[in-house]
Amino acid sequence: MIKKVKNIAVLTSGGDAPGMNAAIRSVVRACSYYNLNCFGVYKGYEGLINGEIEPLNARSVRNIINRGGTFLKSARSKAFRTVEGRQKAHDNLKKHNIDALIVIGGDGSFTGALKLSKEFDFPVVGIPGTIDNDINGTDYTIGYDTALNTVVEAIDKIRDTASSHNRLFLIEVMGRDAGDIALNAGIGAGAEEILIPEEDLGVERLLDSLKRSKVSGKTSSIVVVAEGDKSGKNIFELGEYIEEHLQGYEIRVSVLGHIQRGGAPSCYDRVLASKLGVGAVEALMDGKREIMVGIVHKTVTQVPLTTALEKRIHKHDQLIKVADITSV
Amino acid sequence: MIKKVKNIAVLTSGGDAPGMNAAIRSVVRACSYYNLNCFGVYKGYEGLINGEIEPLNARSVRNIINRGGTFLKSARSKAFRTVEGRQKAHDNLKKHNIDALIVIGGDGSFTGALKLSKEFDFPVVGIPGTIDNDINGTDYTIGYDTALNTVVEAIDKIRDTASSHNRLFLIEVMGRDAGDIALNAGIGAGAEEILIPEEDLGVERLLDSLKRSKVSGKTSSIVVVAEGDKSGKNIFELGEYIEEHLQGYEIRVSVLGHIQRGGAPSCYDRVLASKLGVGAVEALMDGKREIMVGIVHKTVTQVPLTTALEKRIHKHDQLIKVADITSV
Amino acid sequence: MIKKVKNIAVLTSGGDAPGMNAAIRSVVRACSYYNLNCFGVYKGYEGLINGEIEPLNARSVRNIINRGGTFLKSARSKAFRTVEGRQKAHDNLKKHNIDALIVIGGDGSFTGALKLSKEFDFPVVGIPGTIDNDINGTDYTIGYDTALNTVVEAIDKIRDTASSHNRLFLIEVMGRDAGDIALNAGIGAGAEEILIPEEDLGVERLLDSLKRSKVSGKTSSIVVVAEGDKSGKNIFELGEYIEEHLQGYEIRVSVLGHIQRGGAPSCYDRVLASKLGVGAVEALMDGKREIMVGIVHKTVTQVPLTTALEKRIHKHDQLIKVADITSV
Amino acid sequence: MIKKVKNIAVLTSGGDAPGMNAAIRSVVRACSYYNLNCFGVYKGYEGLINGEIEPLNARSVRNIINRGGTFLKSARSKAFRTVEGRQKAHDNLKKHNIDALIVIGGDGSFTGALKLSKEFDFPVVGIPGTIDNDINGTDYTIGYDTALNTVVEAIDKIRDTASSHNRLFLIEVMGRDAGDIALNAGIGAGAEEILIPEEDLGVERLLDSLKRSKVSGKTSSIVVVAEGDKSGKNIFELGEYIEEHLQGYEIRVSVLGHIQRGGAPSCYDRVLASKLGVGAVEALMDGKREIMVGIVHKTVTQVPLTTALEKRIHKHDQLIKVADITSV
């Protein structure tokens, strides 16, 4: 028989993402609603090992739904990659009589959660929180929608300058393995070309495309490049290469960087986080464990953590075609 | 045999919505990509009747993807509700050798499109563009996501004041028949209560809930009210009623109004509009007519215009529960 | 000889304004820098009477410079208008050995401060914090610049709809006695007409101007109306009147309301608040009392509180002319 | 006797700045108001040489007050640095019967304007438009206030991540010779340290300060670095140096780059641009030439172009002290 959960802990781990606070708030409030006790773990797995654990109640999470970052803080923990580290973490969970752990983060965080679950038979549930949208088993991850808006707003600003000066801008956006940000923000910002990790177009194709753009009457251009782009050149080298081989353009490079992780979450991310926080608590109450809650076609779903950790099958074809057509 | 389309016209109709420009741009660029001619009709059906029709090419729509409103302008047309009006409209379409019409708008616009299709056997395709998200057969309408962000940002600002003064704010948002904006923006903004047209909670339940909120330690409160709320009181009357029956709160009323229709579209709306614009042109090329293109689980789909005009079955239960839980 | 101040209290009073948190932070940090003790009073004068006073240190005010509202909260206090109330307030100040009080607020707050100073010979310094910019002796008040941006962004959104539909919008902005917001935001938003409390143009002049606008080719119009406008009609009556007397326009009314008080402060307001917070503490250290610190031509200045409470001489002529010219 | 101006041309030159469109609009509308003819020159001096000149009327500039960049486009012109280039430019002005030229830009643009004035006795008036605020004889340049807000909003986002991860961020902002952006945005964003070109603190002082910050309990830090900083290290080298010499911090570097030049102008910049545009036209009507219009203590003023080109005397002392105190 499944032991009923009574005390739930929650932590955020890995890179922070807008909406993490909304997810914590939702976990805390769902615990309060269902008369469970909730504990916040500070600094991710590092804090779990160091015992930085405090009770949270419904009022602890007031006025945080609109804030970027995570008030529980996050960290990458080397210690948690060792058995000793995880043992200490488990000891601390037991010390506070915690029955289950909710982990908000990306694949690195879920790998840790899975180990805790396997080694100590400890109930864990994952909530996908990362701007990269690179988790299998969910349509969207928390923070992704906000990051898209941040990128698009930044490129809107850069386009003011690009079109005032007839310039070509190369703009690097986040996405080491996943082109979701580059592709969607590229379409949204009206980019002429988009380079993503899943597809190696080669530098020559880019040059050809830019030449065609010029012929078609475009006087300025935006090229969006995911940081994981496979062209073999970093964005500055790419800029120099184009400058050498394409006449009549002034080239500028902009690396958007860390602004993409922050900011007040979009409404979508706040609602998604609210749904998944409730969903995670309810899953634990139903006796579920070693799963991730996600969103599939607007409905909260559950997949095994192992599935969440599988490689996502990219289906970018439709979007790539839309990008090609709308940048004519 | 289906006659191949060669000349496509596009218009925007009804209330404007952020992302309409992105949709027009996508239609125009898709025509260019597929070597079709594209015509823009100004001022919706009114302009169709008056012959305000101009050719558009790929460069006509540069630098508009980020702009709210619609550069083709929109209008409500009484004349188009008459047979004579529609006859003139059809005459003008013929005069320009236009083979098909793409209508970007809401249900009123689609009703007009359907009549044109039925009466003159003229190919029409609809694209759902309205902030209300009240169209059947599509997960989202263009402009809805942007409106949610606008509402949430406005309420974030009001919450600054609410929590500085320990006040109760009643905030009216758009949504005459659909509670989608109120419900999602209410959750996203951390509202304590949300009143929607689909559900009549009664004023007493609201009072009870606000009393409980106070007891639970809340010192300020946000109540989001859809304009189509069925409580029988307008928002100012509601405010007075609460003030009379609930002690210790200062009540303030705010009607967000027209700011909800404008603003730079969110990335989501720009991408959605880009997909649907391409989808509409491709549907016409495939010989489809009297349909609406929509988005269902991230994929562009087609439904008969008659289906789009049917009453949407609301599935707000899951969200209402999330709202109840997270406002604990 | 002047007694050296050692313990300073700070409170926010009246309507909240963006940048109040930045001002509190600056007061607290300046106290820390100069080795003074700082106390925060919650809920303005009400909290002073009720003894809601707590020590603050440099770390108490971390991460608040970017937040709207005031974390010390604000309130209007009836009790403080009585001698008994002020006596209690003074008793509480003495109980905590507080030597001086810094009041962040508008003219109502300064009136209270002046009474405290006169009746108990208690050192007070005022910092002008109100979005209305209606305080004598300072070029700008804290929160005003942010409110201007909020208004202009809101009208930008409404203009999307106005120009999409060829409509005339009447937009009410804050400013009961001062037209500063209406005039500056009106120019900034490209309004066709601006109605301010300091000037009664009469409804007829407005009608004439709108007629001329139409003749000159304008297809949509924005009229900005300060809430204190002296036309004798409220904004809804004004809308009806225009609708009756001006053909060919659809009229819409929008009351911007409380969003104008909130939001993250602009850079200008944060820097201004930082300067004035430091300036207030340094003034007390210099033995100054019964003064307001303000900004005049980018320099922190001091004026007697009585001067701050005098009627400001409006110098709107230059701006009114700019408004007339740029709305041609 | 001074010849009355009848035909005025306007151009934007050098780096674009938010508010340039508002300035052009104001020049055009002022010409319309005073019954003068106005001509727009495209692409700065380059377009003047190439004869890219077109008449503008009051309706040509509708709906641009809120747009970043410059619709007249800008460019840096090598040809204009030669006598032959300027001769051609002058010929084109004469060909269109243009009596006077208004140049919106920074010091490079004014140097060119001065040459045109001297060599051909041609009336020119400058309007200071640059985000750097580095022009002598005016309190503010157009675009500067907007850039400050852009920087502060970007750092607010980065701070979300910084405080979630206990990190130290080095953030590079624009300002090759002027620390105005770094200093004001640094204070506004709550930076712990600010490095500006006008002051060489040395890397050691920075290290000391960061060590003190840690001791005082700060868990994350923002250091703002102007691009013209004189520390002798670029920002990446600076980051590595700190990482080597300061334990317990993860260092991250972010170069804000071109987003700082774009975006919808703030209300302040729109009003400033509107005032200066009117002021420039009125100055020409008064027979003024070889001057720049600027803003001094809220009033439009005129200084000789030669004065505008003198080195500005920096008065950062007061602000540096405020920065030191508020970052305690």
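Annotations
Labels A, B, C and D are assigned to the chains in the order they are written; within every chain, residues are numbered from 1.
In the analysis below, a residue touches a chain if its C-beta (ideal position, glycine included) is under 8 Å from a C-beta of that chain, and two chains touch if they have at least 3 such contacts.
The chain lineup, named per UniProt: A, B, C, D = ATP-dependent 6-phosphofructokinase.
In this text, all values refer to a predicted model and were calculated from it rather than measured experimentally.
Two chain pairs, C-D and A-D, are compared here, and C-D has more C-beta pairs in contact (counted per touch definition above). Put simply, the C-alpha centre of chain B and that of chain D have 39 angstrom between them. Averaged Cα coordinates give chain A a centre that lies 36 Å from the centre of chain D.
Per-chain CA centroids place chain C at a distance of 28 Å from chain D. The set of chain D residues touching two or more other chains comprises 156, 159, 163.
Under the stated contact rule, the graph of chain-to-chain touches is a ring, a single cycle where every chain has exactly two partners. Within the complex formed with chain A, the residues of chain B that make contact are 25-26, 29-30, 32-33, 58-59, 62-63, 65-66, 139, 145, 148-149, 151-153, 156, 159, 163, 184-185, 187-190, 216-218, 264, 266-268, 270-271, 274-275, 277-278, 296-300, 318-319, 321-322, 324-328. Of all residues in chain A, those touching chain D in their complex are 12, 15-16, 18, 20, 43, 67-70, 73-75, 150, 154, 156-161, 163-166, 169, 252, 254-259, 261-263.
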